[in-house]
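The next part holds the structures, each set out as structure tokens.
What follows is chain A paired twice: with chain B in the first complex and chain C in the second.
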Partner chain A sequence: MTNHWVDIRNANLILSMGGNSAEAHPVGFRWVMEAKYRNNAKLVTVDPRFTRTGAVADFTAEIRTGTDIIFLGGLISHLIETDQIQHEYVRNYTDAALIVREDFGFHDGLFTGFEPVTGTYDKDTWHYEINDEGFARRDDTLQHPRCVYQLMRKHYSRYTLDMVETVCGMPRHKIQRIWDMVAETAVPGQTMTILYALGWTQHSIGSQIIRAAAMVQLLLGNMGMVGGGVNALRGHSNIQGLTDLGLLSNLLPGYMSLAQAEEQDYREYIEKRTREPLLPDEVSYWRHYERFHVSLMKAWFGDAATEANNWCYDWLPKLSEPLYDVLHTFHRMHNGEINGYFCQGFNPLASFPHKAKITESLSKLKYLVVMDPLATETSEFWKNYGEYNPVNPEEIQTEVFSLPTTCFAEEDGAIVNSARWLQWHWAAAPPPGEARPDVEIMAGLFHRLQYMYREEGGAFPDPILNLTWYYRQPAFPGPSELAREYNGWALRDVYDENRNLVCRAGEQLPDFGALRDDGSTSCGCWIFSGSWTEEGNQMARRDNSDPYGIGMTLGWAWAWPVNRRILYNRASARPDGTPWTREKALIWWNGTRWVGADIPDFPKQSPPSAGLGPFIMNQTGRGQLFARDRMAEGPFPEHYEPFESPIGMNPLNPDNPLAKNNPAARVFEEDRENFATFEEFPHAATTYRLTEHFHFWTTHALLNAIMQPEKFVEIGTGLAEELGIERGDRVRVVSKRGHVDAVAVVTKRIRTLQVAGKTVHQVGIPLHWGFKGVAKKAHLTNELTPFVGDANTQTPEFKSFLVRVEKL
Partner chain B sequence: MRGDQINLQNIVARSASNAPSPQIRDGGVEEVTKLIDVSRCIGCKACQVACSEWNDLRDEVGECVGVYDNPLDLTPNTWEVMRFNEYEDEQGNLEWLIRKDNCMHCEEPGCLEACPAPGAIVKYANGIVDFNSEHCIGCGYCVAGCPFDIPRISEKDEKAYKCTLCSDRVFHGLEPACVKSCPTGSIMFGTREDMHELAAARTDFLKGRGYEKAGIYDPAGVGGTHVIYVLQHADKPEIYGNLPEDPRISPMVDAWKGVTKPLMSAAVGLAALTGFFHYAIKGPKEEPEDDPDERTATAAVRTDEESASPDSQEGDRP
Partner chain C sequence: MTLRVTRRQFFKLGAAGMATSSMAMMGFAPEPAVASVRHFKLTGAKITRNNCTYCSVGCGLLLYSRGDESINNVDDIYHVEGDPDHPVSRGSLCPKGAGILDFIKSRSRLSHPMVREPGSSEWKRISWDEALDRIARHMKNDRDENFVTQDENGNTVNHWLTAGFLAASASSNETGYLTHKVVRSLGMLAFDNQARV
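Presenting the complex of A and B:
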């Protein structure tokens, strides 16, 4: 979240889209209700189904799954053409005025630089025109035909009301009503917050949907504002912590990135990531990349990391592929290129698309290690559970090791919530049986590996032999020890540029401002620096005082970065440093420094007259309406159809087959034959979860099983009539990859849509229930889903695919 | 059961008994009310789970019959359920109305009126109507007496069960478990006066947002209730999972009480004793025995239940 949970209550309009916030986040949803009652805020939902969020919404609209970019693109055009944007904000705080290179273009659904063979773009043209000083050229009148504003306007002029209606299947009056409600927040005293979740991410165009939402918020002046922002409601309790700590194949902690295979030179690696400002004097905070990186290497390798050996750069793995995402990994496993797999707190058989392919992949392993508190479907993928898992164990030679782990409530530690708050918690109960904390198991594995390398040698023992291990009891690293390590400490006395002492050797660092690239600081995750200082564990703080009465409780837990609660909050004030309005005041310039209810996201002493942009992580200091080279499929979000589309064409670009689906999506040639056409599988399906369950865990818990005991699918009354299905009938949902049987929930909450002249029925499939646990056994929903992912995140397209519903 | 000792000094009415209530205490007990604001309910069922956890109840893992409602209806082991109702108005506007269904704790409780077992149903000074299972004979008259179809007889011990409004928690100064668990402020708890004030404010809020017929459900036919609803469409309570428009205690209960009570009390006392000996010798009884009148009444109860059940199983119907 750019903002935070409590701040939702400050919004005037809440757009819940690409997520079912009441269903999946019922506790955080209280702040939506608070907004309604305190602020007279309105709640709008846009969803393929009328959901539990819809039950308390002020306005709901149906949409065809996977068409959100059309809706948002149309909204962008509407805001521009009806002149309902926050002009002062757009001019000063976005890149609208910057001029784009002349050779940049967009033709027939593709941006310049597309290479069809590899499915990638050469992004050189996706850049501003640079002047002699190395800065972007600009036209503050926004009239230059190649300024970002005009290019954006032209791009979305194709997203007409007619086009939105025909592609999304949303009735015209509903589109207009929502656009009008949204446009009302273009004035400074009104803000809209956008709440989204996996309903936006799990598409082959997922990242670009979110980009489109960010553009809308920039045009309305709702970023950095109280009650504004683009807010991801994260899907697991600590999934924010997972990404923060870089548990993705191409990342290092704190959103630093691993080197590619061709980046063998340390200086080149650093320089590429040290982003210099593209406008004069801008902060461009990633300039300090090397400080974060060197401190990380000191945390990992201690004294072994020296300037002379480039801080052990050669010890870091280099990526021979752009990244080894889950789809890629299972694809390789399927091809027999992987023979062992550690599966930690993860149930891939149930959670990955195309279950049949996952089963085949796991069957090719020599060994599988499952670390989990529960006996998951994955740990028993080899076992025959009748129709729900019809495998022949005799044909599977994979050896499976189950290592029982503790649950979160059985250990101390911090969980990072959607709002970036690290909230320390304490063990509530001892773990059962032989269960051990994951860290203990990992420590055991590490010591064994280190022993073997030491005793027997190996191809490349250095990183293993030199890994630091500061923990008092080496076999049991403690959560507080790990937390201190993430925060970091000084290895030598640290001084600022005026030779003032910042931190003594051995002390915990106060924040990441103290990090140095000369090897004098050690820090395991730079964005967590400040969470465990000399003052102690900041994450354990429980002071909920709210001095400004706007839900800013800076003494409650700790938020990264530096306990800041609303990102880009410099934008909450006018260019002159005064709040846009009194009601939305957050931080302001008091004549000598920035002060207010939040930690300023800005150099504290930089006066408004210096004119620095509020988006200090960006090279322009501005909110990027034009993403430059940061996205895989283009600098402006463009609509592409789901890989399985119920209309079989892209109405925006009907004549270019390359522009039907996302041209840069994560897709393997072998899987294309498993994609269906609408002639055979006419119904548009989407998957989701229910309040009563959490994925496949809670079907092991009796009370959850009682609350929602059996697998069902939701179909609209229109489709039910067509197929003669009545409420409670058993139905089979078939995709090109498999089928699930379930009880039919026949509902008016799913409406039949008219899309591009066709009647489209949508089918809702909850993802819960499997063949383990105490609820009724069922087929796994991911029998059905396609093996294709987003172009930037590689997140599978769980939310849009084709099925055929049959009455049993 | 936790906090198991209720305060017997605060009983103001008890079934099948003319003995006067304790008088010595000098007021000080305020009437309580639970407010359920349907317009704020997201149907998350946290209250259902909290109820099961606090009261140590575990129902069967049931089945899906094509609706979100689960368990489908109240049972001896499920004292509250959410009823999901799809409602489409004349203009085709769809609403999903989700009502938490549980004992209404009537000011004039039909169950207590109907109950023939002395002290099996009591009403406290704070308004809570509680079943004292110790004294329950499992006759099912409370089922017939309830205009909201709430009590359920357990097959396990032949006793009647329903929501206690967490009388054990309330006597110790805590809110009911469902209230504690509600994430959206849909369920609130406090004095009757405060809750009515809050309900009025919420009704005004809804009226200001276009729900002209918003109102409070606090039916006069049972003397008002200690569980009240805020409804968006108070003129149509039936669209909220068949909430009765004008609930009243069945005339049969009054007739039964007025004419036959003295006689029946003796007969029931005898039946209870017989039942006890039957239980002691042969285990839980299957059918009420010995008294032909009681058997007739039980049959009437059964018929009522059967005629009620298809409706209550509709759940998701508009």
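Presenting the complex of A and C:
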């Protein structure tokens, strides 16, 4: 979230799209209701189904799954053409005025630079025109035909009301009504917040849907504002923390990245990531990348990391592929290229697409290690559970280890909620039997490996032999020790540029401003620096006072970065440093520095007259309407159909087969053969969670199993009539990859849509039941889903695929 | 010797002229009455602050357990409430959080390491030492055999691609941090967490 849960109450309009927070985040949703009561706010939902969020909304509209970019692109065009944008904000705080290179273009559904053979873009042309000083050229009148504003206007002029209606299947009066409601927040005193979840991310174009939302918010002046923002309601309790700590194939902690194989030179690696400003004097905070990186290397390799060996640059693995994401990994596993696999609190058999392929892949492993508090489906993928897991154990030669772990109630530590709050918790009881915390298991494995490498030698032992291990009892690393390590400490006295002492050797760092690139600081995750300072564990703070009365409890827990609760909050004030309006005041310039209800997201003493942009992580200092080369499929979001489309064509670009689906998505050939066509599988399916459920975990919790006892699917009355299905009948839902049997819930909540001249029925399939636990056994929903992901993140397309519903 | 008397008999005895207090001193004591006032269930419980482990709202939890941390006394969680001080949840819990005791105490909780040998259809209980020794040996052999120092273009890559690791989005920052540190020191790249799904 750019903002936070309680701040939702400050919104005037809440757009819930790609998520159903009343169902999936019920307690967070109270702040939506609070906004309605307190602020007379309006709630709008756009969803394939009429959901629980929709049930309390002021206005709801149905949409065909996977077509959100059309709706949002049409909205962008509507805002521009009816001149309902926040002009002062757009002019000063976005890149609308910057001029794009002359050779950039968009033709027939593709941006310039597409290479059809590799399915990738050469992105050189996706850039601003640079002047002699190395800065972007600009036209503050926004009239230049190649300024971002005009290019954006032209791009979305194709997203007409007719086009939105025909592609989304949403009646035009509903489209117009929602667009009008959204446009009302273009004035300074009104803000809209956008709440989304996996209903936006789990598409082959998921990242671009979210970018389109961000563009809408920039045009309306809603970023950095109280009651504004683009708010990802994340799924799991610490998914935010694990992402922040970089537990992804290509990342390091704090959104730093591993080097590609060809990045052999340390200096080049750093320079490429040190993003120099593209406009004069901008902050461009990533320019300090080396400080973060060197401090990490000191945390991991201690004295072994020196300037002479480039801070152990060669000790980190380098990437020969852009990503080694889970789809890529299971594809390689399927090809027999992986011998060992570890699942730490993760149930891939249930969670990854195309279960049959996952089973085949796991069966090719030499060994599988499952660390989990619960007996998961994955740990017993080799066991026969009849029709729900029809395997023959004798044919599966994988050696499987099951290691019992503690759960949250049995350990101390911090988790990061969706609002970036690091909250510390304490253990209340010991785990059952011999179960151990994950850190002890990792320590146990690591020490055995380290011992073997010391005694026997072996492949490249240096990083293993030199990994720092600061923990008083080496076999039992303590949560407080680990938290101090990721906050970081000074290895030598640290001074600022005026030779003032910032931090003494041995002291905990106060924040990431103290980090240095000369090896004098150690820090395991720069964005978490400030969480455990000399003043102690900031994450354990419990002062819930709210001095400004706008829900900013800065004394409760600790939020990254530097306890800031609303990102980009410099944009909450006008260019002259005064709040846009009194009701929306957050931070302001008091004549000598920035002050207010939040920690300023800005150099504290930079006066408004200096004119720096508020988006300090960007090279332009401005919100990027034009993404430059940062996205795989283009600098502006463009609609492409899901890989399994119920209409089989892209009405925006009907004549170019390359522009039917996301041209930059990675598809493995064997998976392409498993994609269906609408002739055979005519129904558009989507998946979701129920409020009583948490994926596959709650199949193990009796109360939850009782509340939603049996697998069901939701179908609309239109489809039920067509197939002769009554409420309560058993049905089979078949995709090209598998099938699930379930009870049919026939409902008016799913409407039949008219899309591009076709009748489209949508089918809703909850995620939950499996073959382990106390709940009634059923086929895993991921028997059905396709093995393809978003072109940037490789998040699987769980939310749009084709099935055929059959009566049993 | 203790005389067994019911509560009713005890009061009758008292009514017969003897002070009940002195009777108690002499060793007479009533059986506990079935109808006596019930104590509050949470009286004397230890309260521990925690956060819900399900979604990302991060609601405050109060875990109520028996036990006083003495070494031969096993603490046992028997009740969960929302934390009324929490600025987001203000004491509320949803149907998942309110039922979280059934997760903590699920009969599916695992309590000892096990192995399933190749081709077998059963689990076999093993010790922690055996489990960790065997896994570490697999890792060492595989890493030594398949570690790539240089790619075909002569670039130093120092990676190990034949093993992969999935980390958990419900584990703490501290678990995540140490896991990352160890996994990267081994040169693993096929490393992910639930952020992608």
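By our rule, the second predicted complex is superposed on the first by the 808 of 808 C-alpha atoms of A that agree within 3 Å, B and C clash if a C-alpha of one lies under 4 Å from a C-alpha of the other, contacts with A are read in each partner's own complex, and residues count from 1 in each chain.
We adopt the following convention: a contact is a pair of C-beta atoms (placed from the backbone, for glycine too) under 8 Å apart; a residue touches a chain by one contact, two chains touch by 3 or more.
None of these values were measured; they are calculated from a predicted model.
Q: Should A:P561 be classified as contacting the first partner (chain B), the second (chain C), both, or neither?
A: neither
Q: Once the shared chain is lined up, is A:I239 touching chain B (first), chain C (second), both, or neither of them?
A: In the superposed model, A:I239 contacts chain C only, not chain B.
Q: Mind working out whether A:L703 is in touch with chain B, chain C, both or neither, as first, second, both or neither?
A: Both partners, chain B and chain C.
Q: Mind working out whether A:F712 is in touch with chain B, chain C, both or neither, as first, second, both or neither?
A: first
Q: Now for A:M33: first (chain B), second (chain C), both, or neither, which partner does it touch?
A: After superposing on A, A:M33 lies in contact with chain B but is clear of chain C.
Q: Taking the superposition as given, does A:E692 touch the first partner, chain B, the second, chain C, both, or neither?
A: A:E692: touches chain B and chain C.
Q: Kindly classify A:R52 by the partners it touches after superposition: chain B alone (first), chain C alone (second), both, or neither?
A: After superposing on A, A:R52 lies in contact with chain B but is clear of chain C.
Q: What's your read, chain B or chain C touching more residues of chain A?
A: C
Q: Which partner chains sit in contact with A:T747 here, chain B, chain C, both or neither? Use first/second/both/neither.
A: It touches chain B, and chain C stays clear.
Q: So in the superposed three-chain picture, is A:G19 touching just chain B, just chain C, both, or none of them (first/second/both/neither)?
A: neither
Q: Report, in rising order, the residues of chain A that make contact with chain B in one complex and with chain C in the other.
A: Of chain A, residues 26-27, 30, 691-692, 702-704, 707, 774 contact chain B in one complex and chain C in the other.
Q: Can you check the complex and tell me which residues of chain B touch chain A?
A: Going through chain B, the ones touching chain A are 39-46, 48-49, 52-53, 58-68, 70-71, 86, 88, 94-98, 183-185, 205, 208-209, 316, 318.
Q: Over in the complex, which chain C residues touch chain A? Could you list them?
A: Per the touch definition, chain C meets chain A at residues 46, 48-61, 63, 65, 67, 74-77, 85-90, 92-100, 102-104, 106-121, 123, 128, 131-140, 142-144, 146-147, 149, 151, 153, 155-182, 184-197.
Q: What does chain A use to touch chain B in their complex?
A: Residues in contact with chain B: 22-23, 26-27, 29-30, 33, 37, 40, 50, 52-56, 58, 60, 691-692, 702-712, 726-729, 743-749, 774-776.
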